[in-house]
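Input: a single structure, listed below in structure tokens.
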Amino acid sequence: MRHLTRQVFNSGKFVVGFSIFVGILLIVIIYPILFPYPPLEIIGQGNFFPPGLYVNVYDSIFTSHYILNLDDATANRIASKLDSEDRLAIQKWLTASGFPESEIDIENTAQLLDQWTNNFDPTKRFPGMTNADRNYFIRLNNSLKGLLSTEGAIIAVENPETASLEEAGVVAQNDYIVVNEVPNVRLLPLGTDNFGRDVLTELVAATKVSLIIGFVAGSIATLIGLILGLLSGYIGGQVDDVIMFFTNLLTVIPSFVLLILISFSIGQEQRGAFTIAVVIGLTSWVWTTRAVRSQVISLRNRDHVNLSKLSGHSISYIIIADILPYIASYVVMALILQISSAILAEAGLSILGLGPRTTEVATLGLMLNWALIYQAPILGYWWAFYPVIIVIALIAFSLNLMNTGLDQVFNPALRE
Amino acid sequence: MKGYRRYFVGKFLWFCITLVAAFILNFTLPRLMPGDPVAAIVSRLAQGMSNTTGVQAIYEQYAELFGTNRPMLEQFVLYLRNVAQGNFGFSFSQYPRTVADVLRASLWWTIILQFPAIIVGWIVGNTLGAMAAYRKGGFDKVLMPISIFMSSLPAFGMAVVLLVLFGVTLKWLPTSGGYGFDLIPNLSGRFIWSMFVHYQLPFWSIVLVTIGGQAIGMRSMAIYELNADYVRYSRFMGIKDRKIVGYVFRNAVLPQITGLALAIGTMVSGALVAEIIFSYPGLGTTLLTAIRGQDYPLISATTLIITIMVLVANFAIEILYGFLDPRIKAAQAD
Amino acid sequence: MSDAILEVRELTTKYITRFQEDVYAVDHVSLKVEEGKSLGIAGESGCGKSTLALSLMGYYFPPLHYTSGEIIIDGQNISGMKPDDVRKSILGKEIAYIPQAAMNALNPTQKVIDFIEHVIEAHNPSATKNEIYDLAKRLFEALGLPAEVLQKYPVELSGGMKQRTVIAISVLLSPLVLIADEPSSALDVTSQKMVIKMLRNLMDKGYIKAMIFITHELPLLYNVTDDIMVMYAGQVVEMASAEKAVFDPLHPYSKGLMGSIIVPEEGLRDVKLTAIPGVPPNLKKPPSGCRFAARCKYVQAECTATSIPLRDIGNGRAYRCIFSEAELREKYDREARNNG
């Protein structure tokens, strides 16, 4: 046994797969301890906030301000407001108004703004310029005006008696705060989703639920497959015929179709994560049955099994003592594959809208489903779907790698 | 030829049995669930639609079509007769279109998308897998992890990645639909071009995912065959390496064909979900709208069509296999 | 030029493992087979006898590599030839091979006749299908195989039939030397007998001029071959006529090997049960001196000091041991007396 373990861990593929999988497991276990946020809590008002450090504006006004005179502050401020499209638009307007093209450098922000403020005239029209274009330039001009001001922003407080605004303070352009001193700061490394939930926290919770679904479904499928495969392979005869008839039937009839029919019939209200896991397990045992059966048939007439039969051991004893140890490696490999395909099946079902109820738990499939319903891929909200897909792929990849590694250990012909 | 006929008859009988089983499952599974299906449907209808005359018409149609208050067996006979006539009733969610009408439109989209994609993926994957097994070395070391990773990515995941990369970021290809939304299906060059462009992303997401799995399978089979005793014997009888490689790949590809027959259901299921990502007007998207609209007759008919499609594909592959593996004819001859 | 059909001088070949280690599985082996004679090669599994069989073909593919030495067939040195020339003009024509697992030696998806066509086309591209069929049919009938076998797939043939078909294909081009690597080990007794009979028949009828037969079952060798060579850890440890090697072995390893395998006479049962204890050395790092020393009952300090040469004692006999013939015989006699 120890020798076998060492051999398994000598397989590079297995080790890589195992490390990734253990890494995912550790994150799923440790993250909720470090950050005990409720995963389904809606914190964002609005959908798909971008990833980043969220600093409370109100608090930052009233924490201590420090004055830092940094040379590039103005340039940065302007640059962040003036994207490359705006720069090109300015260049277009200037050249159209007869400004020499060679003097325009769209990378030189200060010079560009200077040229713009000195030359822009909202009444000017050029051939081919639509009304929409003209309005765009006017809007652009207005937004740039504020940028060039060197005045601070005034903070006003409403006087409850006179209902008029009174100056409470000024935020200068060179005022800074220290993030650590702001009492309310929240890091959202993966932003928020369509409901305004913290995607990272939700993702960790969803990974956990999906792994549980995979494990429950995989165990059910492996158990059924193991029992049927043993019965079919060891007893043979009519038992074998009957079991193989159903196994072959369910091999060709796509299990995903059965999953859809059953999940739909259960109805939205009854579909919990556990129910889905059981349904997936009940529809995906055929491959394990086939694999176990063929292994058992090749073992059935080995010497040690015959000896055990001659010694008068019972069928259950023979199966446990003389057959199971020899097929254990195949069963483990089958379980690994079942887990990975169950996780994918849940994701597929959820995308179809037949996954677990949304309100109770998050699963990887549900997260993807909502991201798709809200068209996150097309709108460019990558944080709502890429991390989910990466996690699904990593789980499946690590399990497949482990399986390939085990396969190479147990079937030496596959080693190079 | 006698042996082949026997094989064919055997496979055909099995095809018929699976077809009957598929009908039975499709009929019974939804009915096995607790609760009164009619009541459930009525309550869903009430919240799903605003057109009350439509609700009434569908309800009557449904009650008559499925004979829900008759005994199970009678219902089944009725169901079979309706299916045979291609009569699946009205669609709840797309009233007044009939289910048959909705499916007729989407079935062809799925067929022209999935089968070429699966076949291309199968051919490319097997070629790469065979090369990895034969050349070994760097090619193998690079190709195998990539293949394992690609086959781990579900088809819908690959679809999202391609969609964002080529559709959103690079803007090379359209992101959704089967053709431009401003076009009406016809045979003009513009429409065909639009179809072609919309075809690319769904097609390649299925192809890429298929390649990974097939390459891994073929590599294992080819390594197994390359170490077979007949390879060594043929070499020592002076047969050219190129010819021996021919033997090996022919023998390695045979189990890959059987494998395809067994896995086609899983592949089609995966590809259906990928269709949804691109709002491709095939069966996958139809299924999604049916589920969102709680459109029971449409769901039932779509799943039935998908099953039949898979069974036919499976049967076709088995028949083809009979031609390709000479042992089939030989082994069944006596 | 001698009348040897096959002569091998100091042949050394090695395996290169995936960790780039060299394993010398055939280490300076020399042998000679004359026309009309057969040579048996015996040894435990892993002693290099099967590798020697592969090495004799002069056609190497990884992980097996040629290192040094000469292989001379009918006066022609093939060890320096280009691989493709060896393939075209030597393999199957001058030297043919019957593999260890003849059960699986035929491509399962090919009719026997199709394989025969490929074999002949590889050496004679101008042969027509009809000529090939006639040739194959004549040969099969002469060897007592029904001509229908030609039109069958290997799955349709029984184990013994498959084995005999492989033998027939191997001698299709009338090779000078036939190398049979444990051709009968997977068969039942009746089929075994048939295979042996067929092999002897091949020599008698002149389909082949010489034969090398590799096995671990010594009774088989005694019945089939003229001479026997015993190998241990990649080296030749004894060379003798079949009679002498089986009933009067000199090297302690041969002695142990014969004792452990041969069906004993009455009263010698105890000897039969004494299989040689221990395992062969790791050829990645072969021990200096005698390679059998670790398992030898008569081992002395000198055994491991320097490498032991093969001692030629005339009459085609040679052995690799520091003891003289007389010393060895004395040890064996004493032991026989002690065993009562």
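Read from first to last, the chains carry the letters A, B and C; within each, the first residue is number 1.
Going forward, a residue touches a chain if its C-beta (ideal position, glycine included) is under 8 Å from a C-beta of that chain, and two chains touch if they have at least 3 such contacts.
Nothing here was measured: the structure is a model prediction, and the numbers come from that model.
So, comparing each chain's Cα centre against the centre of all protein Cα atoms, which one is closest?
B
What is the chain whose Cα centroid lies farthest from the Cα centroid of chain C?
If we average the C-alpha coordinates per chain, A ends up farthest from chain C.
Express in whole angstrom the distance between the two chain centres, defined as the mean CA positions of chain B and chain C.
Chain centroid spacing, chain B to chain C, equals 55 Å.
How many Å are there between the centre of chain A and the centre of chain C, using C-alpha atoms for each centre?
62
Could you state the distance in Å from the CA-based centre of chain A to that of chain B?
Chain A and chain B have C-alpha centres separated by 26 Å.
Where does chain C touch two or more other chains at once, residue-wise?
none
So which bits of chain A are touching at least two other chains?
In chain A, residues 416 touch at least two other chains, as defined above.
Return the residues of chain B touching two or more other chains; collapse runs of consecutive numbers into ranges.
Where chain B is concerned, no single residue meets two or more other chains.
Please give the residue numbers of chain C that touch chain B in the complex, ascending.
57, 59, 61, 87-88, 90-93, 96-97, 99-111, 115, 118-119, 122-123, 152-153, 155-156, 166, 169-170
Flag every residue of chain B that touches chain C in the complex, lowest number first.
These residues of chain B touch chain C: 228-230, 232-240, 243, 247, 250-251, 254, 325-327, 330-331.
Per the contact definition, I'd like the list of chain A residues that touch chain B in the complex.
Against chain B, chain A makes touches at 248-249, 251-258, 260-262, 264-267, 340, 344, 347-348, 351-354, 368, 372, 377-378, 380, 382, 385-386, 389, 392-393, 396-397, 399-401, 404, 407, 413-414, 416.
Looking at the complex, which residues from chain B come into contact with chain A?
14, 17-18, 21-22, 25-26, 29-30, 32-33, 35, 40, 136, 140, 148-149, 151-154, 156-157, 160-161, 163-164, 167-168, 175-176, 216, 220, 223-224, 227, 261-262, 265-266, 268-270, 272-273, 276-277, 287-288, 291-292, 296, 299-300, 303, 306-307, 310-311, 314
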